[in-house]
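Two complexes follow with chain A in common, the first pairing it with chain B and the second with chain C.
Let's look at the complex of A and B:
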């Protein structure tokens, strides 16, 4: 399975690393030169990494993991009103971005207490399109317990954050993160955010292993490159026009007019329509490409 | 005894590698002797459950429920679907040895478990979770596995479906016993596989890359520069510009050449499947012998047999070129007049693929006195030799050419055009010591403004190099033995060069 990494090093001879990534079948996603330094973000199979690390070390550079680099994560607050947004959604979002995540803040159309907390089908689907979700709740333990039950059917990696240090009966819970009147900048707060990252990463690694057991015929970064090349998206000034997911991609183009073009993109001699399900997103009329696992494709061929 | 040699079965009485192959492997050109035994092994805790809607693959965890499942594999065949809802699909019934319990447990999505319908030990079921939920199914901690493949099959199961077969997944494991034979005395045994060469098929879609490879392996060998788990490389022609051609995913055995970057011109033999890249032109596939490349070490030479004829006649005599064309069954046209001993200096079309497509070859030839054989000092002046090959074209062709830049009847030397940009990094190497001999080829190095100029003296000199520079500004790159023909040259004339073999 492809994973995301970044090479950080000097600009001198960094082209050797880029060439080697291409030789090893990796995909260079982004190159950011900054005066005498350069960051090269790339995706490649993990088994070739030791060799690449050694070459990077020889050039006095380093290769770092980007654990959430190929993920879109929803940070969910019960509403976008001032009643809920003092919650640390922005801090969580900002923190996860440091580890490569593309984050979307979702405000539900709810928010007057535990008794009417519910989640609509549309919201559920919208959050379900993401690779992971972080729910940011308030400071009342009993309230969080009830809300957690409404979220029990979410199968994607998720974390519930709230004020009480611990609530019995709530899985994937991280406390000390309820209403906060200031930014999470203290050492304790940062340690809590680190804990969010750790717990999420644990679940994501499980998800990766699961995908690895029944992989997709082509990795999402490879499909992203094909879409960008063939649809003329490369060089677009749009905000992250093709977003990587663990199981596919989100293409930020209108579904009604461009879905057929996305389905016609060819990868390795097959069209994307053959190897993926392409559907309308619940988020801003974008296109969701969900790859079909290899076993299912083989079965369909038989 | 029966031995498989380069993909072909042979019955032979030969006892050693040398006798089998008819040539002697050396430490430079080794041969792979391998024995494989294929063994069917059970994949650890993985089962394929074939249903009437398709196959579901599960991965199991050890425990009492798993043991009960494993013991009842034959009884699970032909079990019909008992019931299914949005939470689970179940097959039954089969007697189970568990004590019924009324406790509930939380089971995850896609978990596989066994249960007792109505808490009756005779009414055991095998259940697949469609959604995670809390369930009292009669057995304590009944989950023992997870569906890893066929989740769409699980979603489609319904009334009337049944289990057709259940089997532990097996895979054919190939066990290799490998010997890299570096001498002809290595013994061979019945059933051995001997790989002495890489047999490759080349694609017409990448004509430049194919020509590049055919030139690289014109003596039937591929020098190995690097071997990695994903690919092996040959960088003998590193730096050669090639246009991007057929770009497609690289699979195990694919041959590709890099068309940009520092490693452009390097040939890659892929040992694993990787995705396509626009910097790699894929120009061929391996038919046999990929294991030989995989086991080779840097510095080894792997023998190569391309299933393609190199139709390049440059540097050949007209008689040889005609014979080559006849063997390939193509028409042979000589432009102007040429004797059999004349040397071919140009051909049209230049690429082998194009020659095959057109079915004819047109050549131009010159008198052999205009063609000079050059000996290059690759070991003493490697960088300068590489420069000389690039300027003369000897890097990518069998016949090189130099253009006279300056010659005068009163001068005891001749100068040829170079390239001052390429020579910008030509550091001093192999200076003349005390005297420059007639026929030695000198190149002005980066220490002088006239860097890159190539020169040859007709007489010895103790003062200046072949390009008229100080000795410290001169790199001696090689030698021409017969310099008589050079004296009559004028500015703009072309000199043809062949490398001494």
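Let's look at the complex of A and C:
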């Protein structure tokens, strides 16, 4: 399975790295030159990495792992009020972006309180479109326990954050978070954020293994490139018009007018409409492309 | 500022205490407060709160910022705090009529007539501002979705209850207990 990495090094001879990535079957996703330095974000299978690392070392550069580079993660706050934003929700979001994640902050319509808490069907679908979710709750264990029960039906990798260090009966829980009045930048806070990353990575690796057992006919980075090339979508540093998911992509174009164009994109001689399910996203008017696993495609062909 | 938090587990209380201290510190309101008591009853769920200001939080009266004396049947005010010029003229104008107030010099104001109670006239009620800011900070601290069910103001503080269930008798009992604990003779 493809994984995301970033090459950090000098401009001088960086094209050798770019060529090598492509020769090894990798895909360059983004190239950001900064004066004499360059960052090259790329996707490639992990087994060829030692050779690439060696070459990067010779050029005085380095290759870093960005474990969430091909993921869109939802950071869910009980609401978008000042009680929960910007700390700690934005701190979590900012921390995960350092590891390559594309993050969306989702504020529930009524995710606060104890007796009045609820999560609607639309919100569930909206969160379910992401590759992973992080729920940030308050400081009372009893309330978090009730809310965790309401979230039990989520099958995507998710983490629940709250104040108490440990709550019995709540899985994937990380404490010492809760509500904060200031930015999470102390050593303890950074350690807590690292713990969030570790626990999320653990769950995501499981998900990757599952996908690896029945892979897609083309990896999502490959399809992203085909869509960008064929539909003439060019991203800037600020926006990301085609967002990678573990199981597909989100194309930030209106569904009503552009879904057919997305379905008509050809990849390896097949149209995207044949190898993926294309539907309207619950999050704004965007297009969700969910790739169909190879076994399912073969079954359909028979 | 002393913050007392109880009702939850030691860990929950610790979190709420830290959040309260950090919030008030950030808003520079800690020095204005003597004591805050927060009692949580997450079973109901409700939070009872009590807050008492420091004694030095008093309204600004005219004698604090002006020298007052009689002069030819009129009252002469020499304002010593420049930032209150406009406020003094405005307050005097409202009380005695605009035509009775004359600004003779930059810091000298004449009021037609002799008024013995002028010294105690409130120019700027700082306590109201402090009260507003403290209440605003408290909404930041208290759990979201909890509505104000009872709120009683006193001269130097207030007590209240926030909850996401309708008012019950327990609220009054707890609020009176906090009022008694404040030791200011408050009666809810």
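FYI, the second predicted complex is superposed on the first by the 292 of 302 C-alpha atoms of A that agree within 3 Å, B and C clash if a C-alpha of one lies under 4 Å from a C-alpha of the other, contacts with A are read in each partner's own complex, and residues count from 1 in each chain.
Operating definition for what follows: a residue touches a chain if its C-beta (ideal position, glycine included) is under 8 Å from a C-beta of that chain, and two chains touch if they have at least 3 such contacts.
Note that this is a predicted model, so its numbers are computed, not measured.
Trainee: Looking at the overlay, what does A:34 touch: chain B (first), chain C (second), both, or neither?
Mentor: So A:34 meets neither chain B nor chain C here.
Trainee: Applying the touch criterion given at the start, work out whether A:214 contacts chain B, chain C, both or neither, answering first, second, both or neither.
Mentor: So A:214 only meets chain B here.
Trainee: Considering only touches as defined above, state whether A:48 meets chain B (first), chain C (second), both or neither.
Mentor: In the superposition, A:48 touches chain B alone.
Trainee: Check whether A:15 is in contact with chain B, with chain C, with both or with neither, and answer first, second, both or neither.
Mentor: The first partner, chain B, only.
Trainee: Please identify the positions on chain A that touch both chain B and chain C, taking each partner from its own complex.
Mentor: none
Trainee: Within the complex, which stretch of chain C touches chain A?
Mentor: Counting only chain C, the residues touching chain A are 8-9, 11-12, 15-16, 18-19, 22-23, 26, 40, 42-43, 45, 140, 143-146, 164-165.
Trainee: Which stretch or stretches of chain A touch chain B in the complex?
Mentor: Going through chain A, the ones touching chain B are 15-16, 18-19, 22-25, 27, 47-48, 51, 152-153, 155, 210, 213-214, 218-219, 222, 268-269, 293, 295-296, 299.
Trainee: Going by the contact rule at the top, pick out the chain B residues touching chain A in the complex.
Mentor: Residues 54-55, 57, 59, 109, 131-132, 148-153, 228-231, 248-250, 258, 261-263, 268, 272-277, 279-280.
Trainee: Spell out the part of chain A that touches chain C in their complex, as residue ranges.
Mentor: 78-79, 81-84, 110, 112-117, 138-143, 163-165, 178-182
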